[in-house]
Structure formats: structure tokens, C-alpha cells
Amino acid sequence: MRILVVNPNTDEGMTRALAGRARAVCPAEAEIEAATVPFGPTLLSRRRDVAVAGAAVLALLAERAGTMAAAVIGAFADPGLEAAREVLGVPVTGLCEASVLTACQLGARIGLMLGSRPMVPAVEERLRACGVSERVCGIETPAPGSRPGSPDELVAAFGALARGLVERAGAEVIVLGGGRLIGFAPRFAEALPVPVLDSVDCAVLQAHALARLQPRKATVGSFGSPPPARSKGLSGGLARLFADGT
Amino acid sequence: MRILVVNPNTDEGMTRALAGRARAVCPAEAEIEAATVPFGPTLLSRRRDVAVAGAAVLALLAERAGTMAAAVIGAFADPGLEAAREVLGVPVTGLCEASVLTACQLGARIGLMLGSRPMVPAVEERLRACGVSERVCGIETPAPGSRPGSPDELVAAFGALARGLVERAGAEVIVLGGGRLIGFAPRFAEALPVPVLDSVDCAVLQAHALARLQPRKATVGSFGSPPPARSKGLSGGLARLFADGT
Amino acid sequence: MRILVVNPNTDEGMTRALAGRARAVCPAEAEIEAATVPFGPTLLSRRRDVAVAGAAVLALLAERAGTMAAAVIGAFADPGLEAAREVLGVPVTGLCEASVLTACQLGARIGLMLGSRPMVPAVEERLRACGVSERVCGIETPAPGSRPGSPDELVAAFGALARGLVERAGAEVIVLGGGRLIGFAPRFAEALPVPVLDSVDCAVLQAHALARLQPRKATVGSFGSPPPARSKGLSGGLARLFADGT
Amino acid sequence: MRILVVNPNTDEGMTRALAGRARAVCPAEAEIEAATVPFGPTLLSRRRDVAVAGAAVLALLAERAGTMAAAVIGAFADPGLEAAREVLGVPVTGLCEASVLTACQLGARIGLMLGSRPMVPAVEERLRACGVSERVCGIETPAPGSRPGSPDELVAAFGALARGLVERAGAEVIVLGGGRLIGFAPRFAEALPVPVLDSVDCAVLQAHALARLQPRKATVGSFGSPPPARSKGLSGGLARLFADGT
Amino acid sequence: MRILVVNPNTDEGMTRALAGRARAVCPAEAEIEAATVPFGPTLLSRRRDVAVAGAAVLALLAERAGTMAAAVIGAFADPGLEAAREVLGVPVTGLCEASVLTACQLGARIGLMLGSRPMVPAVEERLRACGVSERVCGIETPAPGSRPGSPDELVAAFGALARGLVERAGAEVIVLGGGRLIGFAPRFAEALPVPVLDSVDCAVLQAHALARLQPRKATVGSFGSPPPARSKGLSGGLARLFADGT
Amino acid sequence: MRILVVNPNTDEGMTRALAGRARAVCPAEAEIEAATVPFGPTLLSRRRDVAVAGAAVLALLAERAGTMAAAVIGAFADPGLEAAREVLGVPVTGLCEASVLTACQLGARIGLMLGSRPMVPAVEERLRACGVSERVCGIETPAPGSRPGSPDELVAAFGALARGLVERAGAEVIVLGGGRLIGFAPRFAEALPVPVLDSVDCAVLQAHALARLQPRKATVGSFGSPPPARSKGLSGGLARLFADGT
């Protein structure tokens, strides 16, 4: 069973970090393959970046269609997630959706830690579109401009924010959403009185669970395969996406 | 990794059915153990039954504490689910919650098939408490008194209801919630244009995913371990539950 | 007209306190009878306790069926409330639901005072299931471990929290939900600029109002009488509950 | 204990009908006084009518301030309800709010019967403002232009609509909201498998319950007494309302 | 194209302020006419005032029916707005509704500035009835009793509150709702890092947009013209409103 | 005042249709310029198409930045709308959002007509993210495969669906959302008893209203200008978008 982890950022270091974390959490029966989108911003931190990354994710998936049992979109804004579900024949998960749905099973009130403050309203819209926004009791981000240097500084800075979510907002589980926080869940869990989830872990394990279910591809509804369609000015994966339908 | 599947019904045949389905869907690395609650109704179909089953589930879990990596509560009303999360040190999933959260990742609108019409409002309250009720577009049950005899009759009767959820309510994924429907998902999937989920499959796979995450036990909040407490008139597991705290 | 006040705690002192308050608030035409559940925790303060108390409430009500015009479930988590409505032929009220619905008629924004912090998320789930959670603007509890000794200390400690709900959260009416607060509403009302409700008062008066309406028992839906059903390992009231249907 | 039943319609026959129903349902300890607003439409059936009736209710209450322990606003749109709560020192209830809050304690899903189709969206807005709209599963009105003549015809016509709410929308309790339906609840209850509530009964009993609580008047918030204020062009009760503050 | 700006306060100075602001913002093709309601409170600040103003707005509109292409109700509580839509054949807008709907297009989270603290719950009910309450992240008012004298003091006092909405509540757009704030938007915008909207500007421009659409008058539903109806004790515009139907 | 109407489809005929409709509805003081995105599907009808169109809209806007007072995104899924608001210094509107917000001011319940059934869940997610989904009472699309030929056939086919929204779902205003329906609002309005809105009209008039407000560009929050950022594999407008920040 192969799970494709798509990095919607064009930063290759992030692809390696995602792959490493995915391999660490995944059951032995699954094989992780990681890939970087062919174009777009180096690191997503704004609405502009997410909009371009959505198209880039589709371009990559069109190139890889048919080679995996499930896919993971490895950025917290879930760029292109629903469109990917439409064009692929296998399940797709996203970091935001998968981690919040996982967290729903571990705590009544969920606290989110994000890397970029301007992304907060966009994540809130995403949660509302998912229909689970009532379960999220707070979202914290580091102050604009703060740049923790060492891992210890990062744990100290984000740890104080997470503790505030527990003590003031009543969070019963913390989700780590920012790319810089990959792999830090165990360190946070030591210092906090509630479970702490790495969103990459959650998305990979949800993808594995969905792959085992082997759900049939819908032929109707918004996730039914789209027909081939005329397009203009596209090349590579995106051109194929429209020429072939899926 | 051992996963305990708790049958909140006292019917042993249902325990075997749950165990069989759980073993069929679970990854090889996990071992399924199934157990029947020590007291309560044979088959849950009303609010009365669920209230008693909630206490029975706790009684069983208190007996088995410390022997598993995760637990599954094997009835669609999720009896005792939140209380179980409080008293156990490991993750617990329930059929309703786990299947709806799984379905959120496969379709925008979710249709539910239940076995008993009087349970519909209770399930709706449960969905609202979970915070995902907006994603469920319809709930269908067989007409009161109808009793499909053969598997073919059952598939025909429920299949027509499921098709109505797809065509009239716009369901993009169907969840099979009733005990009688265990194991029938593949037959329904053949006949329907959307994915069909067995709620037992979903709850077992979610329990496996949560067990792999090895989340720390909360020490604060509504899922923090309760302290020992005085009680009266209890025996067996329930007495131990209060004497020991967990 | 007899109103049965059920104490879901096994503490007899609490039964006397409930009975005293109920008799103080009830119109002369109604007679209050109070009873203690036959088993369960001494004082409810966690999800575990509520789950067991739900079954205990049903056991008691099955013993007393046919002897009252309405029943009150005397703990703020409303243990077994919906199941009680299914099995009894007369109206049943609960402290949480009744006091919040009463408060809706006295203020636009409702503040709740509870005795136990870990119960907050469970009460929030209950409010969401009721559908009135938008009206509640805040829930306060004393700091874990704080134990006001004298009544004056209790009024001082809780009074400061209630004032915060009024001044910072904009509460226009305060509901006293914790067992320790029974009978203190007049003292709080002196010190606060908004109405203060004792949840026992509210539940008894709502039970009286419903009893006067003499609503017919539903024969369909989730509150229609359940049929007799097979069960295992039950004795006393719970055994009768399944043997007789109601 | 005197309860004032305000008829927001200027039709005196309706005042007598309200008074009769209120006296029939009210405990002996309460005395019912009924009064008709001094100006406005004969019978409320549109938004225009409700807007004028809101001011008329205030005019009447200003004349009667200090003479009652509670007031009931006797039209289903609850005209002037919140403003009445601001200006009066005693509790006030309304037919819509009181009956839906009562029904919440008798069924999970509430069906409403109204007299005028164009009022449906206005009632829906009122339910949403109250925060309980999720509990209402359907609203039915007679076809525009239909005019059942005899009581038997009325029961037949509305009974068929109510049965549809039960069978198709899953209503577990029916609220009779239209003025023409006052006093008919027992006849509907015979013919339906669920409880049926007369909204006048509910509002009178809620007013009685609130009066027994003797809640203190708020001095802050949106229901705190308004200060005297300058006004223009008003006479009678309305002029006094502004001159005196309450 | 004539747009009628209705002042629901009886203060003529406010009428001049509304007219001045409306003329400043309106396209040249529209002509602004302003009018003061014939009776009611000088300045609306409580629920009592809004209830009376609703009837006064209808009285004025009945006098002016047929003379305008659209109408604006110039107080933030939108008194009589829905009833005005029913009786008039042309579009009507209100300050609260129009400014929040406009703000939805400029920021994800909306902060409101109001003049009177007791109006906050009433405005929240209005937002909930509109269905857009989730978009509003906070409402601020000056402390009761504070009376900024000069414009500079007013900008300083309200500016600090608005800054708090941006910094602590995450507001991305600020709506100025209080009558005293008319015309101050540019001064606030200089001092704040987000757009600032004058609610009068928004309501006038929305009225202009709706007038250009020339929507047909509904003949069904809650905004269909009401029929003539009998009434009592009314004179002037209100009497005509019922005698003529519209 | 120049308003740029962006066609997110690459079909030039659609650009001409959008431009024609925009010029017909716009006040004389505004000048309409229409432009076609440089790449993407010919006509948007699926989630895949919308994802690619979102990036294409940004590419076009980056080319045109600084040349307009407001922009309109001319497809009902509002592709790239929020990202456009982030990168542009002037207001941007979208067909779905603008028409639903306009419709909120004309009817209590809104019915939508769309061209493609698979887009329904995506539009519902968009409405939920906007926070106005409660106002929409129904969405209708032509049966899959149906292809009305002449304008008369189109009016007949869609008219029957719209009438059903009015009669069965209680719609009080109808929004025409599909590209094929541009310009048909007057014909529908003749045949329906409620107002009918062309979504292009609404978006152009909202853009004009916002342009007149001349709101300042946010410097904080999710619509504050993004900083320049590194990217890979982009050319033309998209490359500039990241190189320049806006």
C-alpha cells in the first residue's frame, strides 16, 4: 500500500521533513512516497499562496494518478483538497481536516497552534466549511515577527501559547499545525497536561485508514470523476487533468 | 497492539459479528479482542437501552483496564463513550462518531442508515453534541415492523432507502449504522454510485490510528482521570471504577 | 398532584436539601416526594458518575412508575433525562435543561455557575444537544481545590465569579447549577444587578407546569413507550424496566 | 398573584377567548386579568400588524404597571415581548417563546401549526433570535384562502397538517400557534400520537412559574429599567412610558 | 432616482446629520430626501425606544408611499425594517443589516462600535435573525456614563475600543454604528490598520444598488403586500396603512 | 471609476456576456472593463475547474493591479475571491457572495438556481464559510444531461425549478447563478411571484458601492497585503504576484 505525501510548498527541505514524519508514524504495511509540487511559493503563509498551491497540487496529482492507494496534502490550509478528491480515484486527506477530526476523538475542546497569524481567518473559514468549527475553542500563533531560533526556544515560545489555550480557553487536546512544528509533539506533550497531535501524523494515519476501507469512487455528486473538458494555456499535469477527465 | 471491541448489547452473536468484522478490517499489527458487557438489554434499540448500556460499558472497561492499546464501543449510539474516555488511559472510539468523522473525508454530504426509527432523534442529539450535524443530510430507517428475512431482502429494502438518500438528499457517502447491516457494505457499494462505509470498520480503523499516535492521558479537563470516589450499591467493575479512580 | 424529586446522587443529605428547596418553591396544590437512587456515586462530579447515575435514575423511576404526576431529576447533568421521558408516562424535567429554558425568558445572555470544572465540557455538550447553547455566554466554576467553608465564604467566592459573568461576559441572568449552591439564590441576588435562578426551583416549577398541561404520552418517536425487551444480569427496577416495557 | 393577559389584537372576542383559556389552565392561586391593547389591527396576520402591535402592547403595559405579578403577551409573534421585559418590573412571557421552550421538554423535534402562511419567515426569525430554531422540525399553515367553517372542519383540516408533521418531519410534539386554535389541543391530542400544546396554556403556566420565582429586576443589561427619555407626539400609556422611565 | 432616508428618532438634528452624510456618499444620479418620524423618542437607545420607533417608521412610510425608488431606515437597530419591506413596493435597507452585509465583503471578521451598551443583546438578536452573527467577532460600546465632549475626545475614546477589536478580537473591518459616530469614519481609518465603515454610507449605497436592480414586488411570502385590514384607534399614516393595504 | 470584470472561464463569449450585462446595470459614473483569465478551463463546472481558475484569476489581477477602483470575479463559485482581496488594494466582489448578500435584503428565504449539479456541495461549503447558509432555503439545478436549446426552452425548464423553490421551499427571492442564465432575470421575474436577481448585476453593483466607500487597504489580518515571497516555476502575472508582494 503506497501513500503519496504531497508537499504543496516548493521547498524541498519541507518535503524531506514531511516524508520523515510520515514514515515514522505509518504502519509497516504502508510505503510512503513524498513529492514536491512543480510550481508555487516556497512556503505557504497567505491566502495568495494557498490559491496557487491548490492548482499546483492538482498538477502533481495528475502526474501521479494511479500510483498510490491514498494521498496526503501536506499543508495545514489543505490546498486543493476537495478538488483532489474529485479527480483522484483514491482517498485524499489534508492536515487541517484530518487533525481536527482526529482531535474530536481525544478532547471535547480543541486548541490549534498555527505558524502564521494572517492565516487564522482562512483556517476558520475552512473549519466552518467542514462543519466542525464549534469544536475548536481557540487558535494561537506566535507574535508577528518573532522568530524562535533553537528548538528549545521554539518549544518555549509555542509552549506558553499552548498552555494558555489549555488554561484560559479550556482546550483538552492541542493540534500542532505549523510546518515548523513537525516532529515536536512529544516535546510539547511532556510539558502540557493534555494530548498533543502532530497534524502530519494525523493526516497520514487517516489516509492509511481510508486506504484500508477501499471505498468505491463516486460516480455522482461533487466528488464524482469530472469529464474531460476543454481548457487553454495549461501544460504538464494540469493539461492532462482536463484532457483525460481524471 | 491489542484493540478491545466492546459489545454494549448482551447478545453473544452480536459480539461474534463485531469481532469478525473487526478482524477482517484491522491491520495485521493489531490483535482484536471482543467482549460482551456483563448486564443490560440483549439488543439496543431505545434510549432506555442506551442509558443502561452506558453503565454496562464502564463496568466491562473497568475489568479490562490496562490490557489494551485502544477500545471500540460497538453500538451506533456510542453508549458510555465520553465516560470511557475519562476513565481509560488509552483512546476509545464509537461507531457513530468514528464513522461520521471518517465519512467527512469521503463526501460533502453524509447519509446515515439506522436500524431503529425511534433512535433517530437520539442520534441527531449525538451528532449535534459532536458538532458535525451540519454534514449529515439525511437519516433513513426501515419502516417500523418491517423485518427483511434473507440477506437479499435486506439489501433490497435498505438499498432502496440508501438510493433515496443519494438521489433526493444528495448524499455523497453512505454510513451503515445498524447492527443488522454489519458486513454488508460491499453489497451496497455495488448497487450505489457512492462510497458505503461499515461503521464497525471505521471505528476499528480509527482506534488503530489513535493507538499509533499514543496520545498522553489528560490530567486536566473533562477527560482527565477522575479521582476515587465514594459510591453505594455497586459491585464488580463498577465498584472498582469508583474505588480505584480509573 | 404529586411531583417526585429524584436525587441521582446517593447522598441522603442531598436528597433532604432537594426536597426542602422543592417544597419551598412549589405551589400548594402540589405535593413533593423525594427519593434517592438505589446505587451509584455519593456525589456526581465527573462523566463517569453521570453515566452510572443515568442507569440508577431509571432503576428508581421503574420502581415508582404510576405514582406521580411529574418527575424532576435533581442533578445539573440531567442524568437519564431523555431515557426517563421514554419510559415514564408523565413529564420529567432536569436541572440543567429546565433552568436554562427558564433563564431564556429572563435575560438575553445566560451565565452558569457550576461546582466542578471538569463537568464544563459535558454541560456544553448537553446545551448543544438541547439546541440552546448560543444563549449561554459563560460558565464559571471555583478554582480546582478551593473549598469555601462557611456560607459567607461560599457567597463571596462564587459571587465574585458571577459578577465577572455579568461585567465581562454580559450575562443578564445567572443560573446556580452546583449542588452546594441550593438555596443561595436570594443571597446572590442581593449582591448582583441581575436575576439569579436556583436550578432546583426552575426544575420543580417546570415540572409543575408540565403536569398541569397533562400532555398525552407519545406512542411514536423517541419518547414513545419502549416495548418489553430481553435483558441479562439486571435486578430490581432495571429488570422490571425491560420486563414490562415501561 | 395576578397575571395580566394582554391581547395584542384589538378584537375583544379574542380577549375573551384568551381569558377563558388562561383561567382554565392556571393554578387556583393565580388570578387572571385580561386586557385589550388600545389601538392597532383587529387580528394580527402580517409583519405590519406585529410592528404596530408591539407599540400597542407597551402602551397597555405602561397603563397597568405595578398591578400584576407577571404578564402574558397573547399573540404568537410575541409583539413587544423584549421591550416589555425592559420596562416592566415583573416577568413577561410570549406565546411563541413559551410554547417552544415548553415543548423542548416534551419532544426532541417540535412541529408548529400557525394560522397565516406569510408569518412563517417572521416566526423563523423569532426562533433564530431565541436560539432554539434547531429544535423546530417543521411549520405548517392552512392553504391561503382556506376557511374551515365548523370546529369539526377545522380539526380535520389542521389535523391532517399536524399528522404530516409527525409522519414526514418526525415531530414528537405539536404546538398550536394560531388564534383560531385556542382550546382545541384536547381534540387534536385524541387524533395524534404525540403531545399537543396550546400556546396560551404554555405562556400562562410559564408566567406563573416565573412569578413564583420572584426574580429581581435587572439594573444593568438590555432588560434593565430604561431611564426617562424625551419623546414627541405620544399620548396615554406611551407618553407615560417615556416620561416615567418604566 | 429618489432615496428616502427615514430618521426613526424624532430629533431633527439627527435628520440633518443623516441627510448630510447620505448626500455625501450617494452617486449623482440619486436624490436624497430625509424625513423625521412623526412620533416617538428623541434618540433611540433602548428596546422600548425601538419598539415605538418601528410603528413610527411605518406611519411615515405610509405617508410617503409611491414617492421614492428606495428607502433607508436610519437607526442601527433597524426599527420596522421587515415590516417596511412588506408594505412598500420598493427596496428598503437598514443601517445594521446593510453595514454588516457590506463589511462581509471587506473582512473575514467584523467588529462593531455601538453607542449604547444596553443595545448590545438586541443587536446580537438582530444579527442572529439575519443569519450573519458568526461573522461578527466583537461589539464595543463606551463605558456607561462616559460622554466624550469634543470630536477629538470622541475619536480618542472610540478609537481605543476599535483598536482593541482589531488587536484582541482579530477584527478585519470596523463598522461604526452609533448615531454620534456619523461622518467620523475617515478619522478612524487614519488611526486604524483596517477599513472603517460608516453605517449610513453602507445603507445608502445598498439602497442605491437595490433601486438600480428594480426588483419586482413580491406577491407571496412574508414580504408580499398585505391586504387591507380592520384596525382601531389609529390615525394619520398608520390608519392609512391598514385602510389601503399598503 | 473603472470596474474590472474578470471572467474566470477562458471562453471569450462568456467575457462578452459578462461585459454586456455589467454595462447594462452599472451607473453611468462607472466604466466597465472586462478581461479573460490567461489559462484554465473553458467553462467552470467542477471543483477541479474552480481550483485552477483561482490561480488564473490571481494571474490576471496581478497584470492589472493599479488600473481599477474595484474588481468583480465573474463566476458563481467565486474562484480566488479571498486571495484577490489579499493582493489587491481595492475592493473585490464575487457572484455568489454578492448575490446572496443582496438577496438577504429582499427576502427572508433565498432560493438559488445553478447550472451544474455537482457544484451544489461546493456552493454550500462556500455559503457556510461566508456564514449566511441559514438564509438559503434551497438550491436547484437542471437534471444532468438536460440541454435546453432555445431561450424559451431554457426559461420553461428553469422556471419550473424556480417555481418549486417558491412553492415548496418558501423562497422569497430567487438568485440566478449559472452562466447560461445571464440576462434572463426579467423573463423569470414576469413568471414568478417574487424578485429575481441576476448574480452579475448584484456583483457589479456591490463592487460599485464598495468603490464609492473607498475603504483603506488593511495592513493587518488575512486581507493585509502579503509580503514578497520566493516561488518557483511561475511566469507572467503569477511570478509578479510573488516578486512584488501585491
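As written, the chains take the letters A, B, C, D, E and F, and residue 1 is the first residue of each chain.
The rule we apply is simple: a contact is a pair of C-beta atoms (placed from the backbone, for glycine too) under 8 Å apart; a residue touches a chain by one contact, two chains touch by 3 or more.
These numbers come from a predicted model, not from an experiment.
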{"item": "Repeat of interface B-C, chosen from B-D, D-F or D-E - more than half of residue-number contact pairs shared", "value": "D-E"}
{"item": "Subunit E against subunit D, contact positions shared by both copies (same if over half, else different)", "value": "same"}
{"item": "Inter-centroid spacing, subunit C versus subunit A (mean Cα positions, whole Å)", "value": "43"}
{"item": "Separation of subunit B from subunit E, taking each centre as the mean of its C-alpha atoms, in whole Å", "value": "51"}
{"item": "Junction residues of subunit C, two or more chains touched", "value": "82, 85, 108-109, 120-122, 125, 128, 131, 134, 170, 172, 220-224"}
{"item": "Interfacial residue positions of subunit C with respect to subunit D in the complex", "value": "25, 27-29, 82, 85, 91, 93, 97-98, 101-102, 104-109, 130-135, 166, 170-173, 189, 193-197, 201-202, 205-206, 208-210, 212-213, 215-224"}
{"item": "For the subunit E and subunit A complex, residues of the former touching the latter", "value": "108-109, 134, 170, 172"}
{"item": "Subunit B - residues contacting subunit D, complex", "value": "120-122, 124-125, 128"}
{"item": "Subunit D-facing residues of subunit E, complex", "value": "10, 38-43, 45-52, 54-55, 58, 80, 82-83, 85-87, 118-122, 125-126, 128-129, 131, 220-224, 226, 229-234, 238, 241-242"}
